[in-house]
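What follows is one structure encoded as C-alpha cells, with my remarks underneath.
Chain naming follows the written order as A, B and C, and within any one chain the residues start at number 1.
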Amino acid sequence: MSPQVAGQIELLGQVLISGILLGGLYALIGLGMSLIMGVMKIINLAHGELMMVAMYITFWAFTLWKVDPYVSLLIVLPLMFLLGVGIQKYLLAPVMDANTVLPQNQVLLTVGLGLVLSNLALLLFTANYRSVPVSYASKTIYWDIKMGGQTISLSFSFPFLVAFGIAMVLGALLFLFLGKTDTGRAIRATAQDKRAAALMGVDTKKITMITFGLGTALVGAAGALLDPVYYLYPQIGGPFTNKAFVITVLGGMGNIPGAILGGLVLGLAESLGSVYISLGYKEAFGFVIFVAVLIFMPKGLLGKGRA
Amino acid sequence: MSLLELSDVSKRFGGLMAVGHMSFSIEEGEILGLIGPNGAGKTTIFNLINGYFQPTSGQIRFKGERIDALRPYQVCRRGLARTFQVVKPLARLTVLENVMVPAFSRTEHRGEAEHLAREAIQFTDMAPWADAVAGSLPLGMRKRLELARALATDPKLLLLDENFAGLNPSEVETTIEIVRKIHQSGVTILIIEHNMRVIMSISHRLLCINYGEKIAEGKPDAVANEPHVIEAYLGSAHA
Amino acid sequence: MKSSRFLLPFALVVILLIPAVVKSPYLLHMLILSMLWVVLGQSWNLLGGFTGQISYGHAAFFGVGAYTTGIIVKLGYSPKVAWSGLLFGGLAAALIAALIGWICFRLRGPYFSLSVLALAEVLRIVAINFKALTNGAEGILYLPAFNGKAYYYYIVLALVTVNFLVIRSVMRSKLGFYFLAIREDQDAAESLGINPTRYKLTSLLISAFFTGAGGAFYMNYLGFIDPGIVFSIPDISVMMILVTMLGGAATFWGPAVGAVLYILCSEFLRVWLPSGHLIFFGILIIAIIIFFPNGIVGSLNDLKARKKRRLAADAAAATPTAPSVAA
C-alpha cells in the first residue's frame, strides 16, 4: 500500500472517529428533545438555550470552585431537572389548553424563553467566548494499526471519549428507566396515548413535568460534557436547537433509540462533510440530510416515528 | 351500474384486520343502513370510501370510477360527502361560514356561495343559528351542522356517521325529517346508526357487520331478526 | 357604520400628507420602519394567523428578498435598478417557499415549522460562504438611490397598501375561507373538498412574496445587509411573530397595531436599555401568550364575538328543537 492510500485511510478513519464521538453528544441532545416531543407533542425551541445555561453553570463551577466538569454533572443534572420541571409547571402547563387562534402556543412560549435566556446570559456574562481550561483538554489517545506495510495512526480526544462514554451510559440509564420503572412506564404510556393513560390512573400532569425535567437534564448533561471540548458564548444555543430537531426528525419523532441513531448520523454527516466538502458549510449538512429524510422517509430512519 | 360498489375490500392495521373482504353496493336512490356492534369496523368503512384510508386490497367504485386511491377532497369533489361521528366544526367560524366552505366547491363567487350555504342551512332547519359561532353550539346543533355542510357540497351520495347519537327525542324526529327530505331531493344515503328505531324506519336495506366482516344483508326486518345479528348485538352492545 | 365612511378617507389624506408636513427625518424614519414591519407582520399573519401554519423562519424569505436586491447591485446595476428587487426579491422568496412547502406540507406535524427555521439558518450559512455573490460576512454596502426620506415613505406606503388590499381580498374570497378551514380542522377541510397541501402552499407563497419584497425594501432603504442581520432568527423571524401576536393574530389590523408598538418599544429600549431589548421582547412574548393570547385587536374582537354568542343564545330560546328545552 502506498503512503498516499494509507494517508487517505487514516484521514477517513479519523473523520469517522470524530464524527461518532461528536454524535454521542448530539445523541444526548436529541434524546432530551425526543423525550419531550414524544410525551408533549411539541418541539422545545429553547432546548439549545437550556444547554447553554448548563454550560455556564459548569463553567462557573470550574472557574470559581475548580469543580471538574465531569464532577459538576452531579450538580448540573439535578439543577437542570428542577429548572425543566419549573418551566413546565409555571410556564408551559398553564397555556396548554388555552383556546387561542394561533396553534403551538407552548412552542411560541419556548421561543420567548430562549430569547430571554440567551440575552440574559449576554447581559450577565458578555458576548466573550469562554472555555473551561481543564488539564486534559488536549489529551489524546493514539491507536496505531499496521496495514499493508504502513502504519495508520488514529487519535482519540480524551475529553470527547469520556463525553461519548458518559453520553452512552446516560442513554442506557434512560432506556432502563423508561423500561423498568413505574414512572418510566407511565411516561411511555403518556407518550402513546395521553387520554388513555390518564384514564388508567396516570397523573399525566406530573408525568409531563418529569418528562420536561428529564429532557432538560439530558441536554444539560450534554452541555456540561461539551464544556471541556468547546468554547461557550451566550448565543451558542440556537444552532444546537436546530441540531436537536434535525436529530429528532432523523430518528423519528418521539423514538428514543432513533434519537441515538439520529445523533450519530448527524455527527458523522458534519464530520465527513466538513472534511470532504467544505468546513464553512458544516452546519448545513445536517439540514441536507434532514430534507432528504423528509422527502424519502418522513417517519425517520427507523420508520417508526409518527409522521 | 351501482352508484357505489365495494368489491373485496380489506384494510389491515399492522396485524389487525379492521375490514375483511367487504363487498356490497348501493343503488341510486337507496337508503342503506350499516349496523353492527361497537368496533365492528363501520367508521373504518366510511374512512375507506371517503379516502382517509386506502384499502390494503380490493376496489371501491363510485359512479363506475375507481376512487380507492383518491384523497378525501377528490372523493368529495366527485359528489360523495360524509359527516363525522366525532363532530368537526370549524370552531371559530360561524355556522354560515362553516357551510360556505363546502359551497365554494360549486362556485368561485362569495355571494353565490353564501346563497348556496343559506339554502343548506334552511334545508337543515338551522336558519336561526346561522350567525352563531360553531364552537359555541350545543351538541345537537353541531351534529346538524355536519349535515348542512355535507349537503352544501351537493352530493350524489351522502355517508352519515351516527348523526343521531346524543340527540334528544325531539331532535331525533327533526333529523329523521331532514334525512328524508335530503333523500327525496335525490341524494342516495349510506347511514351508520345505533338507534335501531331510527335505522329500521328510514333504511330500505340493512347491512350488518361484525369484526370487519359482513354477517347479514337484506330487508331491515329480515336482517334484524337473523339469529347471528341478534347474537352479535347481544354479545356486545347489550351485554 | 357611518363614522368609518369618513374616517378612512380622512386617515388616508393624513397619511399621504405626512411627509409634506413632517420634516423630521427621525420621525419619518420611524414611520417608514413601522410600515415595513406592518408588511412583515401582515405577511406572517396570513400564513400563521389565518392559515394556522406557524413559521419560525420567515427571516429566510426576508433575507432572500434583501439579498436578491443586494446581488443586483453587486452585479453592477445602478441603485435605481435595485428597486426591481421589490419584484424579483419577492419572486425569489416565493420560489424558495414553494420548494420547502412542497416538501413539508404533505406531512402532518411540525415539519414545516421546523424546516423553515432550519432553512433560514442554512441560507445564512450560504450567504456567509458564497462570497462571490454575497461578499460573505462583510455584507453588501451601497449608496441608496434616493436622498430624502419622503421617497421611501411613499414607496413603503404603496407596498403596505398593496399588501393589505391583497390579503384582505384574499381573505374575503374562496381562498380565505379555505385558509381558515384548514386552520380550524384540516380533516374536516379535506372532507369538504379542500386540497390542504395546495392551499397551504398558496398561503405560503403570498406570505413569502411580500416578506421578500419587504426584505428588498429594507436593502433599498438602508443600503446595507449582512447575513447576520437579514437571516436573523431573533431579530426578524421572532419579531415578525411578536408583531402579529401583540396586535392580534388572524385580524386585519392586528399587525399594524403590533408593528407600531414594536417600533416604539424598540426605540425606547434602544435609548434606555440598549443591551436588554431582546430580554424585554422575550418576556413580552411569554406574557402575551399567558395573559393576552389574542393580542390587542383580537381581544377587542372577542368582545364583539361575545355579543354574537348572546345572539346564539337568543336563537336557542326561539327554536323548539334546542336542547335547552328538552334537557
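Keep this in mind: contacts are C-beta pairs under 8 Å (C-beta built on N, C-alpha and C of every residue); 3 or more make two chains touch, one makes a residue touch a chain.
Computed from a prediction, not measured in an experiment: that's the story for all the values here.
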{"item": "Per Cα centroids, the chain farthest from chain C", "value": "B"}
{"item": "Chain whose Cα centroid lies nearest the overall Cα centroid", "value": "C"}
{"item": "Inter-chain centre distance, chain A versus chain B - centres from mean C-alpha coordinates, in Å", "value": "48"}
{"item": "Cα-centroid distance, chain A relative to chain C, in whole angstrom", "value": "32"}
{"item": "Chain centre separation (chain B, chain C; CA means) in Å", "value": "41"}
{"item": "Residues of chain A engaged with two or more neighbouring chains", "value": "101"}
{"item": "Contacts with two or more other chains, residues of chain B listed in rising order", "value": "92"}
{"item": "Sites on chain B touched by chain C in the complex", "value": "50, 52, 71-74, 76-77, 81-82, 84, 88-94, 97, 100-102, 104-105, 108, 110, 113, 125, 128-129, 131-133, 136-141, 149, 153, 168-171, 174"}
{"item": "Residues of chain C touching chain B in the complex", "value": "172-174, 177-178, 180-181, 184-185, 187-196, 305, 308-309, 311-312, 315-316, 318-327"}
{"item": "Chain C contact footprint on chain A (complex, rising order)", "value": "42-43, 45, 91, 94-95, 98, 100-105, 107-109, 111-116, 118-120, 122-123, 238-239, 242, 245-246, 249, 253, 278, 280-281, 283-284, 287, 290-291, 294-295, 298, 306-307"}
{"item": "In the complex with chain A, residue positions of chain C that touch it", "value": "48-49, 52, 54, 56, 103-104, 107-111, 113-115, 117-119, 121-122, 125-126, 128-129, 183, 233-234, 238, 241, 245, 249-250, 275-276, 278-279, 281-286, 289-290, 293-294, 298"}
